[in-house]
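Scrolling down, you'll hit the structures one after another.
Presented sequentially are two complexes of chain A, the first with chain B as partner and the second with chain C.
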Partner chain A sequence: MFYGLSGVRHNSYVSDSKLFPVPADRNAVVFFLLLGLAAPYLVSSLYLNSYILPWLIWTAAVLGLNLVTGWAGQLHLGYAAVMAVGAYSAVHAAKFGIPWEFALLIGGLASSVIGSLFAFAALRTKGLYLALTTLAMQFVMDWVLTHSPTIAGGSHASLQSPTFALLGQDITSDAGLYYVAFGWCVLVTIFMLNLRRTGLGRALVAVREKDFAAAILGVNSFYYKLVAFAASSFIAGVSGAILVSTFYFLAAPEQFAVNVSIQVLAMVIVGGLGSILGSYLGAALILLMPGVVNQLFSLGANLLGLDLGIETLAHIPNAAYGALIVIFLMVEPLGLGKLYANVRDYLMVWPFDQLKK
Partner chain B sequence: MPNNPSSTVLKAVPNAGDDTIARLLMRNAREYGNDIAMREKDRGIWREVTWSAYAEEVLRCAAGFMALGVKPGDAVIILGDNRVRLYAGMTAMSMLRAYAMPAYPGATLDELKHFFGEAHVVAALVEDQEQVDKILELRDAGTSVASIVYDEARGLNLYDAPGLQSWESLVEAGAKRLSADPDLRRHLIEESKPEDPAVFMHSSGTTGKPKGIVLSQKNVLSGARNAHAGGAFEYGEEILAYLPMAWVGDFALTVASAIAFRFTVSVPERQETVQRDLREIAPSLYLAAPRSWDHMLTAIQVGMENSTPLKKWLYHFFMDRAVEAERRKLNGLSGGPFERLGRLVGEKLIFGPIKDQFGLIHLKRAFTGGEAIGEDTFIFYRALGIKLRQLYGQTENSAFNAIQAPGEVKLHTVGKPLPGVEVKIADDGEILMKADSVFKGYFKNEAASAEALQDGWLHSGDAGYLEDDGHLVVLGRVSEVVFTQSGERYVPNYIENRLKFSPYIKDAAVVGAGRDELTAMICIDAEAVGHWAEVNGVPYVSYADLSQRPEVAELVKEAFVRVNKAVTEGLQLHRYVSLHKEFDPDDGEITRTRKLRRKVVEERYGQVIEALYNGAADIHVKAVVTYETGETGTVERTLLIREI
Partner chain C sequence: MNGPVTSGSGQVPVLECIGIERRFGGLVAVSGVDLRLEKGEIFGLVGPNGSGKTTLTNAITGFYPPQKGKILLGGRDITGTAPHKVAGMGVARTFQNLALFNGMSVLDNILLGRHIHMNPGVIRTALYWWLARPQEIANREVVEEVIDFLQLESIRHEMVDGIPIGLKKRVELARALVAEPHLLILDEPMAGMNQEEKEYMARFILDARAERGVSVLLIEHHMDVIIGICDRMLALNYGEMIASGIPREVIKNPRVIEAYIGGAHAE
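Right, the complex of A and B next:
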């Protein structure tokens, strides 16, 4: 049902390796793309800039972490630190008078360099040890930010981000800022979609499944891990810079603290390792669900006429939100993306139960 | 080009007059050169050939065969599964005025030897190593085939037989010849006449050796034209060429009609991938033998049986109602508004998805032909929303005698005779036909020809009658209408088809001529029953073992009970035996088109039939089986006689 495959055929290998060979998928992608473009006209600017915009930027960041964790299989607990590098570098560059286009690039490259340098050392370890090493990177970065006034603008201070501009045009309108976030998210998504069907993507997957087996296949696992860290750090850097310049408007060390790293990792895991759609869903769940659950609870309490204490009202949503994540992961350990894939598979063979031979 | 003045007036009949396959092909190449003529799947990719490229390939092939010494009146055997190159070769033969003689890829050496004995076979165009081996073996046995051209080179690089060459080298030689002799091209296109042969077919041979049937280009083209005028198809249909090339239906559709009406013909990768390829092509026109429709029906039924309770319930909810509605409609009754609503929702929820799974969603014209289709199968597909229609045809009349018009489908008729086909009923009830598409007589078989063609009327061998509204009713083969001892008249085939509606019964042979009651021998469907046994935990070691399991007997009995309810009192089946092996064309029990060779079956299983009537509880059989290698072995089994 919905996923009609009749008449889908390929007369060249190029056509066979299309991104969305199934017409229904293609239509859905086009639909959501148009929806994204039309969002400023459909949604009030409050929702647009305080929910959708950060969601898109975080999604881009999650996709970056997914590259290293989901594709290359390397646990990364210092992702926020890498974002911080990008954010601070870009803001400093912009303050210095460099146009934002290049400032973003500088942010991305700085993250990439620092991330790779760190990975160069960290990748000598594996698994839990790697996780601990990346966590160390997070703490080192936290310490550097709070202890070097030249970078952070002083102890416990925040760094004002200059007005965002592209091609010499100041972008200050809500819609304009939204489009910047939207554009970046789409760009990263396209990159990740295509990664799946390149040699690089396949090499990363080989490394994830078993790095020494990959080595036997002629895949230099250390090299590819490093590439994964570099590319993911670049995405993290630019995402961090865009987050600061279009959403926070100032950079502060606590925006990129260790809890943020954990949160991004949670987005990846709840969404599904290696799933692009999952990155969107995971970011949405972690980022937006607390607010939604909160509202639902107060609404429900009002409707039922329950007189809940302000304390209770503050804590129940948190518990519910936690329970929600646990439930989702129990139902489908491979994340929300897989949950969708299950539904898709079910409808794909409808009304039969399995594909015929 | 047609120089017949009427062709400009009658736009609906453009290929009138002295059109030949070659000229029509060239017309397509000239006027629609960039349209896709053929598609062939190779390693998952559909390779497309345009009309101009295809025409060029055919010309080169014709020139190549000319270089090999193929002269008018010679025959070239075409052996293999459907391949674009084999089709091109067949078309090329019509340019050379030689006989293209397609044979079933599974044909045994004996069958092939019979073909070689008929005409002067000078060359063979074959698919692959397997078929090359066959021809080489025949050559060792003393046949005179000089050249062998193969399509697929795999496994053949070390072969060193004289006259063996690849398609590429044949076409290359042809291209050289074409460029050396500028007149040759025109000669190849213009030389053949409508009276020249298009193809050399064989009768199915349910009763004895297959007889040679030469269809002229005029025959096949007017057959196609009649079918078009009768509403069978339009220009530019999308079809899948999966039917055996030696079946007249395939030639009539994928060569004659395809060239005359510019079809896009897609050739599946292999026989095993037909189902998947069918889905990828999603044809607009589809002709299948009843057994293929039955096979697909079994696949749907088994698939639904394995589905989840919710989907199963939905399926039965909508399907049962749709079948009922269709049955009412075919009996001339109309349904209420709920029926339409049920159809609409059912189409979205169940029927559409099923049709999509099987690639039937874009199907506008679906036909069943070759033999009678079971009523239940027919209604099932119509309920599914596929406007399945019956096509009545035979090799002697280029496959098209009569079809049901879209709005005039009735259960018991095959529709009106096609425009251009004149039908009358002989005094003994035999259907007689006269048309441009009727052949000139069996090849070198005067006696049989005289019997089949009298005063230009083709004696079809089918019993039937014309109804007042012009619809033709076909009862069955004249030779197959039989009587029980009590004088009850019946056509075994009719009851067999009803039995075969059950997914668990693959083949059936109803016996009872001259007996007091009817009984049956059945072959269970190995796939469907095997699957059922797996799901229900019924252990078995082999087909023969499975066929005798009591659980399976219960399963099969349901089908018998259902059939007994549907037929009249005197024609109910009383006992049956489940045979230890499937009917096999290699054993001669069925033809390659899977029609029952009743005489052979009744002779081979005479012992079993005897046991069905003498009250025995079981019968010990010792059967000789022919393996695919041609070796024979014996199987011993005790078969249980089951009461219904």
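Right, the complex of A and C next:
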């Protein structure tokens, strides 16, 4: 139907390696990009800065975790700890007077160094053992943050983030902060899109799928797993720093605690391992659903005239939200991204349906 | 056949194995195996199931380093070198049970064969348009030559999971060839193929030697193929060498007949 490759002809390898070969996909991407640019003029600043901005930053973070878990196939349960390293290093650097551009870079590099050092040790184990080792990293980081006032910011363990600025220009307006998040998310997305058509992406998938076959092609799996951890930690670090400087405005240990690590992993899995669109959808579902379900339940209770206790009202949405994740994963284990891909694949071959599996 | 037939010429052999022994616990999988593969040769390796053919291959490619013996690649000792480094030295192989990457297209699978010529990294990916694209295109051209050579044009954008096994074997051969190896190790490339597919594959192996200058170590059960295209061969049984030489002579050796068909028929 409107998804189709009819009339698309490639006469060079450059045009054959386009990111979006299907015209309909390309149009959709341009549409959403323009929508993203125009968002401050379309959405009230309350929604812009309390929903869309964190969603975009978390999406960037989820894409980073997807690099390790979706592409390289390594379970990572300490991702929030890596984000914390970036956030704290960047805020400390900014407090020290370093411009934010470099502070973000320092945050990313600090995360990258600590993440890879840890991975260097952890990657000697595989599968569930690796998952547990990364979980250990999370606990080490939690402990460091709660036990070292110099890092965490005094006895209250809260660290005020200096005013965000780029190119010497203070950014305080809602729209300005939104554009910072939007820009970062777009950058990370472009990187991940390019990963699908370069040797690095292929090598990572090879390591994930069959490491012995990767080895015989000259792919050093230990090295490429390490590269995946380093790159993903960089993305995590900068995302953590942007999250603190444009959304939370102060850094506290509980923002990067173990439950956050689990939450990011949930975003990756619900969205779809190795899916870029899925990372957007997964982050949206996990971030926004609790609020939406909550409102639906209180609305429903009001309509039916039920007098639900405040505690029941607090707990039912949690259960519903959990059930929702289970249902999504039962319908499509490969996540929300795959749900979209199924529709797209069907439309691609319409009016036939031989691709339906 | 017009390939070199004699062994022991003055040239440095592509591959030389001296007294290889590999045990798994108490089981001796390969012992005392010598092998010398000259440049431009197609060398057959035969033997019943469990005779140590694949173990020998795994010893050469670094998966199971031998406990005794030496492996020389172009005169250079590579005993115990890690598989990914052996690949970088110009050894490519295919697997008995196929080792293609499912979920990737045929083209991406073959492009992975170019890995040792690409050295991909994060910076290169991040600056795709400036650093990665020229390299990707250059390597794509090499890959397309091999796709053309092995007649895979029509399926290059198919997912590799969905194509028939005969084509999968061909894709794996393509992936090995694009690495531009000196030594190509083919582990049963014709298993499960019909006569027509076998003839295609045999022709591709001969053409690969003639056009791309590779030397081939060929593991096969089909004796007609071994006799048809191999210059020399080695027969193994229970991990030991039982005969070696020119295929037509080796297959008349009573020990080979006994190992393959059974003692009662050995007359």
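Please note the rule applied: the second predicted complex is superposed on the first by the 351 of 357 C-alpha atoms of A that agree within 3 Å, B and C clash if a C-alpha of one lies under 4 Å from a C-alpha of the other, contacts with A are read in each partner's own complex, and residues count from 1 in each chain.
As a working rule, contacts are C-beta pairs under 8 Å (C-beta built on N, C-alpha and C of every residue); 3 or more make two chains touch, one makes a residue touch a chain.
Source: prediction; values computed, not measured.
A.B. asks: Using the superposition on chain A, decide if chain B and chain C clash or fit.
C.D. replies: Overlaying the two structures gives chain B and chain C room side by side.
A.B. asks: Who does A:34 touch here: chain B (first), chain C (second), both, or neither?
C.D. replies: After superposing on A, A:34 lies clear of both chain B and chain C.
A.B. asks: After lining up the shared chain so the two structures overlap, which partner does A:351 touch, if you call chain B first and chain C second: first, second, both or neither?
C.D. replies: first
A.B. asks: Looking at A:213, would you say it contacts chain B, chain C, both, or neither? Reply first, second, both or neither.
C.D. replies: In the superposed model, A:213 contacts chain C only, not chain B.
A.B. asks: Touching A:5, do we find chain B (first), chain C (second), both, or neither?
C.D. replies: Once the two structures are laid over each other on A, A:5 reaches chain B alone.
A.B. asks: Please work out whether A:13 is in contact with chain B alone, chain C alone, both, or neither, and reply first, second, both or neither.
C.D. replies: In the superposition, A:13 touches chain B and chain C alike.
A.B. asks: What's your read, chain B or chain C touching more residues of chain A?
C.D. replies: C
A.B. asks: Considering only C-alpha atoms, give the closest distance between chain B and chain C in the superposition, rounded to the nearest Å.
C.D. replies: So the smallest C-alpha gap separating chain B from chain C comes to 5 Å.
A.B. asks: Is there a shared patch on chain A that both chain B and chain C touch, and which residues make it up?
C.D. replies: Common interface on chain A, chain B vs chain C: 13.
A.B. asks: In the complex formed with chain B, which residues of chain A make contact?
C.D. replies: 1, 4-13, 16, 349-354, 356
A.B. asks: In the complex of these two chains, what residues of chain B are touching chain A?
C.D. replies: Interface residues on the chain B side: 39, 44-48, 275, 279-282, 299, 303-304, 306-308, 311, 314-315, 349-350, 352-357, 359-362.
A.B. asks: Could you please specify the touching residues of chain C with respect to chain A in the complex?
C.D. replies: 61-63, 82-84, 86-88, 92-93, 95, 99-104, 108, 111-116, 118-122, 124-126, 128, 132-133, 135-137, 139-141, 144, 175, 179
A.B. asks: Can you name the residues of chain A that touch chain C in the complex?
C.D. replies: 13-14, 17, 191, 194-195, 197-203, 205-206, 209-210, 212-221, 227, 230-231
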